[in-house]
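Structure first, then comments.
In this document, chain identifiers A, B, C and D correspond to the written order of the chains, with residue numbering beginning at 1 in each.
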Amino acid sequence: MSSNVAETLIRLGAEFHRRGWVLGTSGNFSAVSSRDPLRLFITASSMDKGRLTAEHFLEVEQDGRAVNGASGKPSAETLLHIAVVRATGAASVLHTHSVWSTVLSDVHADEGGFYIEGYEMLKGLEGVKTHEHREWVPILENTQDMKALAVDASGLLRKRPEVHGILIRQHGLYTWGKTLDEAARHVEILEFLFESFGRRKMMEPEPRAMRRK
Amino acid sequence: MSSNVAETLIRLGAEFHRRGWVLGTSGNFSAVSSRDPLRLFITASSMDKGRLTAEHFLEVEQDGRAVNGASGKPSAETLLHIAVVRATGAASVLHTHSVWSTVLSDVHADEGGFYIEGYEMLKGLEGVKTHEHREWVPILENTQDMKALAVDASGLLRKRPEVHGILIRQHGLYTWGKTLDEAARHVEILEFLFESFGRRKMMEPEPRAMRRK
Amino acid sequence: MSSNVAETLIRLGAEFHRRGWVLGTSGNFSAVSSRDPLRLFITASSMDKGRLTAEHFLEVEQDGRAVNGASGKPSAETLLHIAVVRATGAASVLHTHSVWSTVLSDVHADEGGFYIEGYEMLKGLEGVKTHEHREWVPILENTQDMKALAVDASGLLRKRPEVHGILIRQHGLYTWGKTLDEAARHVEILEFLFESFGRRKMMEPEPRAMRRK
Amino acid sequence: MSSNVAETLIRLGAEFHRRGWVLGTSGNFSAVSSRDPLRLFITASSMDKGRLTAEHFLEVEQDGRAVNGASGKPSAETLLHIAVVRATGAASVLHTHSVWSTVLSDVHADEGGFYIEGYEMLKGLEGVKTHEHREWVPILENTQDMKALAVDASGLLRKRPEVHGILIRQHGLYTWGKTLDEAARHVEILEFLFESFGRRKMMEPEPRAMRRK
């Protein structure tokens, strides 16, 4: 892993931990190291994301197994990272696990997701040019069968290639980017939108805008 | 830009980012560099405000274009900064994008704004001498037509020259000051008031004071 | 001012600012420098409490005026600090201005205060030996007449000498201690209790315990 | 105490204080120093957990008394730490005192606890392999009789040895681990779950999942 990528992931880990987005050993981060054959650097299983060092990452093959000679066990969610990279062409996938994403992923699970619209902050999402954008935030049911979850994510991204993130129910956010900086920006943007959407919802359960329509 | 102004803006960027007021690449900051002809230093487009350096600012003319030789693209909202400087004589304009300003700018959009009154903290706003002050917080509809938004802001500031900040719907706060320190103080004061006002509203939707009247 | 006291007040300013308890130029801190005649070191008017230096304090006489030769203007609320020191014998008075204290000081203003009871954290207040304590948190109406407010505070502390803090309506908390450390502890304890009390209230407006009675 | 253990407890104190989980002089931390006879290092009474040094810990015997020659007074809650170590075989016991744990410990006191289920974050608790886990969070009534509280905790842990933490009503969380790192992880996991559970409850008092059943 280039020392640049490692430094950035270590810094993001510390910052997201400070914000309470990767408490415990939750969350995991990956960056593509090779396109052909596909290989990723990914956080090792069960690491405290607030205090990562370069030794806490390892390289995995496209089947999710660690490359020969790598020490440590890849994150259990490696297959999900690979599925996202394959479907989106992303260079980096970041998984955070905040309170607001967790709460909303449960409140809206029955509808399979929710729309966020009208927020200027949406323009921080790649390719969005106006606040008059309707962003679908899909929610997948959680499961411990990581292969099944990877298949679900792949299917979802084929049907809705325009989304910028996926929530797993009571499990937080997966987002990604063409660059590591873009992926990091998407985390901040989406976490901001979740908190704003959640607080808005609590202030006035049925928004005026909706009543007008 | 004087190294003093640059240092202060860099410090404010880091601090506001830590507080979650300029996440993603949201927010932008400017400081007047010349009155005649009018010129501003302003943050370049799409920068992470938590990690600014002096290279992330550029100087713009009064028509919003970068001065000759400047590298980087000025923030898309440059015209709004210029409109505010022209209308108020401010030396600095700061735009933040917090959760509470975003939520309130939507909840009260239909009334075009809201009053904050009775708070001691209001005395932190320039020229306010008593907590028995009623501060009108105007809300402009958001648009991607920056020229139109600048015209709206100019018109608003002509009609209500006494205001200390403007909310753009679902887009956050613009505030300003005769000095950079005053502008920074206005950010802290207004963000505090928004959170207090919002939490007060949630605790008791119809305040007693209102019922008494 | 001893360099120890100065260092502690500077550190507390930075920490309370980080927590959002002294935003803008709100809040002020004092420490008794002499008992006879009574003199206090107090923060100068309009300082950013997050970035204090030793120069931002000045010594005042018991009538609230700066001692000869002191530069800077004492905080407008100096008389209130002096009234509290006289009534309680405190060595330090700290005024913070948090969102939760501001909200609760308004919600309960009509009753002149509110009781906090049953919290283990109450034992952090000087002299409280059990969580089965009922702490009265008095609220004074805000006024810009500082002499009147000082008289109100003196009268209140004569009638209720057992209280550990006073809220001024929509204006935050005054607390104190026999030592600077005790005063600082009281700030943390009371701010914790305000947030807990406020969130408890929002979760269940009429608590079960109350219904049982 | 090994300098490693001391360093970790000092760092945890600073971090938990920053998050508002051990304000005032609340909270206390212990680490087993000897199994036979049982001895613990524990924070001295009334210390600011945000600024601990190695001198703020002392060693105690299994009856809760300081070992010969130790200076300082052990935390009043030493007996509770010892009861937990005896019942669970833990190497470390951490007591935090956050707003959310305090609020929930009161709201659910009448039922003696509450279940948290369906959260992926539960897998951060030792031995939990799936999010389809139901974690019972027991609540003990608070008392100043520490011997009685220690007996209550022992009885509870005999009946429900599978729990990972205990709430004391309006008094916060006790959790533990086979290692100090595991205990620290349990603090972060449980505090995250309390906030998520609490905010979920506030967003929709009667969750859909419950209505479906």
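Observations, loosely collected:
Criterion: contacts are C-beta pairs under 8 Å (C-beta built on N, C-alpha and C of every residue); 3 or more make two chains touch, one makes a residue touch a chain.
Please read all numbers here as calculations on a predicted model, not as lab measurements.
The set of chains touching subunit A and also touching subunit D is empty. Counting only chains that touch, the fewest steps needed to get from subunit B to subunit D is 2.
The pairing of subunit A with subunit B is characterised as different-residue: of all residue numbers used at this interface, under half are used by both copies.
The distance from the centre of subunit B to the centre of subunit C, with each centre set as the mean of the Cα atoms, comes to 31 Å.
Centre-to-centre, using mean CA coordinates, subunit A is 43 Å away from subunit C.
Counting only residues that touch two or more partner chains, subunit A has 202. If the chains shown are joined wherever they touch, the resulting network closes on itself as one ring, and no chain has more or fewer than two partners.
Applying the touch definition to all chain combinations yields A-B, A-D, B-C, C-D.
Residue ranges on subunit D touching subunit C, taken from their complex, read 20, 23-26, 48, 97, 99-100, 102-103, 106-107, 109-110, 142, 144, 168-172, 198, 201-202.
Across the complex, subunit B meets subunit C through its residues 19, 118-121, 124, 129-132, 181, 185, 188-189, 191-192, 195-196, 199-200, 202-204, 207-209.
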